[in-house]
Every structure is written in C-alpha cells, then in structure tokens.
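First chain A sits with chain B, and in the next complex the same chain sits with chain C.
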Partner chain A sequence: MAHQAHAYHMVDPSPWPLTGAVAALLMTSGLAIWMHFHTMTLMSLGLILFLLTMYQWWRDVIREGTFQGHHTPPVQKSLRYGMILFITSEVFFFLGFFWAFYHSSLAPTPELGGCWPPIGITTLNPFEVPLLNTAVLLASGVTVTWAHHSIMEGQRKQAIQSLTLTILLGFYFTALQAMEYYEAPFTIADGVYGSTFFVATGFHGLHVIIGSTFLAVCLLRQAQYHFTSDHHFGFEAAAWYWHFVDVVWLFLYISIYWWGS
Partner chain B sequence: GRRHTAVQQMARRSICSSARRQVENKVPQKQKMFQEDNGMPIHLKGGSSDALLYRATMVLTVLGVGFTLYELVKASFPQKKD
Partner chain C sequence: MAARLLLRSGLRAVTTCQAVRAPALSRSMAAGGIPTDEEQATGLEKVIMKAMKEGKDPFNMMKPKSYAGSRNDPHLVPSITNKRVVGCICEEDNTSIVWFWLHEGEPQRCPSCGAHYKLVPHNLSH
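Then we have the complex of A and B:
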C-alpha cells in the first residue's frame, strides 16, 4: 500500500462538486421559471439536490478529518484561510446592501418627501424588539465563547450545555424576527425603505438560520466525541461565522433600526 | 460515622443519575472502518447506505439537467394564447 510522503491532503475523486453545480443550475433556472410561469418544480428539485450535496460533501469532510486523520496542521491552516476568505466574501455581500441603504437614506429623493424615513413609513421602535434581539445575539456570542473554552478544557458536559444555549438563543432571535416581520406596519413593496429594510435584514436572518444549523451540527459532533481539546476546527469555523452574523446585526441595528428611524 | 457515609453515597448517586442516557464514543470504530484498505472512495466508504444516497442524488442530477433543458427550450418559444 502506497503512503504519502507529505502532510497535505490529496482528496479522493468526488461527485459532489458536479451535483452542487447542477443544483445551482436548477435553482437559478427554477427561479426564473417560477417568476415567469409560477411553477416551483424545477426550483424545488434544485433545492433538494443542494441539500443532498451539502449533506454528503460535509459528511465526507468529517470522515476525512475525524476518521481518516487527513487534517494535519498544514491542512488545518488551509481550512482556516478558506473559512476566513469565505467570511470576508460575505462581508462584501452585506456591504453592498449597506451601500444601497446609505445611498437612498443620506440623500432622500423628492418622491420620498425629501426626508428619511420617507413620508408614510411608520418605523419600528428601535428600543423594543430590535433591542431585545441585539441583547439575544450578544448573549449568544458570550455562550459560544463559553462553549469554546469548555471544549478546550475538556469539559464535555459544559460544552454541550453552552453550545445548546447558543443555538436556543439563535432560535429565539429567529422567532422574534419572524414575529416582527409579520407585525411590521410596512412591507418590502413600500418603496426603497421597504426594499432596503427587508433585503438587508432578510439576508441577515437567513445567515442566522445557516449559523444556527452549523452550530447544531457541531453540537451533534461534540456529543459524538468528534472534538478534542486541541483539535476542533469545525467548531471554531462555526463560532467565527456566528460572531460575523452578530457583527452584521450590530451594523444593521445601528444603521437601519436606530439611525434610520 | 455511618450517617456521614450514607449522605455521601446519596450525593454521589444523585449526581450520577442525570447522565443515564450516555452517548457511546464510536469514533475509534469509525476510524477503523474508514481507514480500511479496501479501495473505496470516501463518499462510498461508509457502506450500502452511502451507495443508495449517491445513486438517488445522481438520478436527480441527470433528470434535473434534462428537465432544465426542457423547461428552458419551452420558455424560449412563446406559447400562443387562445
């Protein structure tokens, strides 16, 4: 049996990049078909394929790292770079929506009444549910840090408890935000105020759901003894992502909810 | 004395009783299974359920490409409304 004479990871051939690309094709074409012909079949098929691809691809990464030992220090370094670059790209994604918000709100057009918030818009009170949401996410940042220290110190039960608490706080934020969306006195169709509000906070909410899912996977892995006190990069990646989601909210809160009200 | 030991035993029991449904550490078994030199690629190395899920995903992939091409060709030729 041949053994590698280097510390890097030469992956086995895998079908998931192809299935993922096809999923992207189906989701985008499906979106166009839905918009024009009101059928959701193609888009739904794409979504199913996307979920199947993510499940199997990341299952394989866990197998390669935790069960086969391929995640040596140089490999882990690459994974860290990768996660940081990905989060950076997401920062730029949100930057665009903040640009749109400030473009419209710093120089409000005559059509809006020359003011921000525009005439006819009843904004949400930033000191009610939005402030609670801020507290919830900040608290979750504390609990995820507690979870990290627990893992590093080999405290299995505390790690499980603090990680569970973090996820519950994430769900609480999502539930509160869903209620706010339902009760809001304005919609996405209410001019540029509605557009900027719901697109920016909507994408943020999606990222909270993604982050909560990532943390939930980490919880399952922690329960199954995958993490050791000095090797738990999957958890660190999830924690970085979670802090990023928290910081985006802080910018949303200050800009759109507070300054923009 | 004996009373002190009984209190100690009770305290120990109540601390342990909460952790009844313990998750077993199956990582060493998994490590053995996935390091077996059987030539299987990682996405199929877990057994028959891997193969089933892979086949289902591939079927959806191929059908999906076909369905997309069909819908896009159909959308390219406007249907005459009666």
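Then we have the complex of A and C:
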C-alpha cells in the first residue's frame, strides 16, 4: 500500500523518456541522412525506437493507473489538464497551416494569375468525396459519444459496438482520403496551392490515423475490462482527440475544399 | 441499425429489470458488464474512495474546514508528525501569507492576526 501522505503520484524511475529522446535524435538526423545520402537505416532505427518507446511508456501508464490504482482524483485532474494542453498545442500547430493557406489565397500573386484557385489548378468538387468524408467524421463523432454514454451506463456490449463503429468510420475516412490523394489532378509540387492543400490535409490525415490508433487501444482495453463506469479517462482523452480531429476537418473542408475551390 | 439496437436494449431494460428491484445493480459487472469503481478500484485510488465515502479526507485533497479561529473554536490542523507549517491569510484577499510552524500541544496564535491554531496529530493508517 502507499507510504505517502499525499494523493499525488511520484512516478518510479523509467528509461522511456531517454529512449524517446534518442529516438527523436535518430529520426531527425536519419531524415537528413536519408535526404542527402539515400539510406534509410538511421531513420528506420529511430522509428522503431520511437514505436517501442510509445508502447512501453503508455503500457506503464496503464499499469500504474488501472492495475496499481495510482490515478487518484488529483492525478486524474492533472492528466485531464495535460491532454487539454496538448490538444491546444495541436490547435496552434494547425493554425499555422491555415495561416499559410489564407496568406496565399486571400491575396493571390501575379504568378498564380492573380486568382484563387490559381490558373491551371483543377480543384476537387467539394460536394463529392470531401462531403462524404465530412459526413463520415461527423457520424464518428456521434458514435464515439454513444460509446462514452454506454461506458458510463455500464453497457459493455454497446460500448464495444459503438467504439468499433467509430474506428471503422475512421478507417473509412482514411481509405477515402487515400483514394482522393491518388486520383487528385494536382500534386504537392503544384505551386502554393499544392503545398497548402497537401500539407494541411496530410497532417490532418496523420492525426486521423493517430486518433484511430488511440481509439483502437481503448477498444482493446474496454474488451479487457480496464474501464469502470466512473473512471475511464483514457477513453475520454481519446474521444477529446477524436472530436478535435473532426473539428479540424470541418475547418479544412470549409476553408480549403469549399471556399478555396 | 442504431435504432434497432436502441429498441432492443430498451425492450430488455423494460422486461428484465422488473424482476429485481435493486437500484444498486443498475451499473455493475452483473448488470451491464462494465465494472464500477466499487468493484474494481485498487491501490491508493481505492483508499481515497473509501475515505471519501466516510466523509474523511486523509490526504488533504479538499479545502480545509472552516473554523472561527477563536480560543474556543481554534483552527484544527491535522498532522502526521508533531508539527506542521501553517500559512495564515489573515483577511480575505490579503496578498501576503503569514507562515509559521505549528507545534503539538498548546494552541498557537498567528503572529499577525491572532487567530488560534491547534495541531491534531494522527498516524497514517498505512
């Protein structure tokens, strides 16, 4: 039992922050080596170390919280703050790309033909696959809320069903976007239109994949009875992240796909 | 599909729950398959959950109780040893806190406003 007079969690020494830092170093330097010397070894090593670090670090968090009971109310509160601050930092990350888009599109230069979309760019029809993608993500926001309520009300089967549906919708979005990328009449190299389009939607797609992975981990945990009807912050964090991904898509859709077409 | 699922669970709720009128079983492993904290909490989380149910706050998570601070109703300060640091905000909205050690035994008074403080030593249950 605890031998402490406070409700906080003083974490045991752990090697994962160090391995994470080493992974970051290998990935970044590996990226530079790949670009200049055409070998992916260093970067791949960094990527493997990165994946191992994430797996082991978060496995330890689950052990400490779910199996050892270290996540007392104040600890849970600080985890909530942490997730909110992280999502806020991601909002600012995307804000930068929206800034770039609006900077280029509100005052198009003569090189583009003085108009937006630039001369020579055939934009995607916002009322075709992009609209379907919007419906898919909005529906996934509903299903993840359904999952949350199922957990709070102690309904195991419904929780698993709705969470699975959410993840499937996430995969559907990713598959549709991948197809759109393949079939698009323009590339990332097509001037500032291509750059802003693919960097903004590309990072969004990466976040969809991250969010889907987070939800998938929650599904595995739910299946193994980790969550209780009152304490399931891992799931809440995943749901917050998923809603954030959905909101970013809405902004992307309105700005780039619709207004920018 | 969602409508069918909703209807099915609604039907089940109406038909099955009529046999056992036990509100405590509305959310639990037995009822819906998701455990409650009551059933599954462990470690420090469980210790705190049990204490909070009895109205106790052994880890000082909540705001301290309000006392008059007079000689007959001194501020009671819990401690796991025989002394604890006290910070007195003499008047509401004061920006400087008056810090002092409170020792076991006779109540002490804040050097600034004179409020009475008494140490209440107790051992941790673990």
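Convention: the second predicted complex is superposed on the first by the 259 of 261 C-alpha atoms of A that agree within 3 Å, B and C clash if a C-alpha of one lies under 4 Å from a C-alpha of the other, contacts with A are read in each partner's own complex, and residues count from 1 in each chain.
We take it that contacts are C-beta pairs under 8 Å (C-beta built on N, C-alpha and C of every residue); 3 or more make two chains touch, one makes a residue touch a chain.
None of these values were measured; they are calculated from a predicted model.
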item: Chain C versus chain B on the shared chain A, clash or fit after superposition; value: fit
item: First (chain B), second (chain C), both or neither touched by A:Leu45; value: first
item: Which superposed partner A:Arg63 touches (first chain B, second chain C, both, neither); value: first
item: Chain B versus chain C, judged by how many residues of chain A each one touches; value: B
item: Which superposed partner A:Ser14 touches (first chain B, second chain C, both, neither); value: first
item: Partner chain(s) touched by A:Gln161 [first = chain B, second = chain C, both, neither]; value: second
item: From chain A, separation angle of chain B and chain C (C-alpha centres, steps of 10 degrees); value: 70
item: Which of chain B and chain C A:Phe92 touches, first, second, both or neither; value: neither
item: Touched partner set for A:Tyr225, first chain B, second chain C, both or neither; value: both
item: First, second, both or neither for A:Tyr182, with chain B first and chain C second; value: neither
item: After superposition on chain A, the shortest CA separation from chain B to chain C (Å); value: 7
item: Residues of chain A that lie at the interface with chain B and also at the interface with chain C; value: 1, 67-69, 157, 225
item: Interfacial residue positions of chain A with respect to chain C in the complex; value: 1-7, 67-74, 146, 151-159, 161, 225, 227-231
item: Chain A-facing residues of chain C, complex; value: 2, 5, 9, 26-28, 31-37, 39-48, 59-61, 80, 124, 126
item: Touching residues (chain side chain A, partner chain B) in the complex; value: 1, 11-16, 18-19, 22-23, 25-26, 29-30, 32-33, 36-37, 41-42, 45-46, 48-49, 52-53, 56, 60, 63-64, 66-69, 157, 223-226
item: Complex contacts: residues of chain B adjacent to chain A; value: 19, 23, 25-27, 30-31, 33-35, 37, 41-43, 45-46, 53-54, 56-58, 60-61, 63-65, 67-68, 71-72, 75
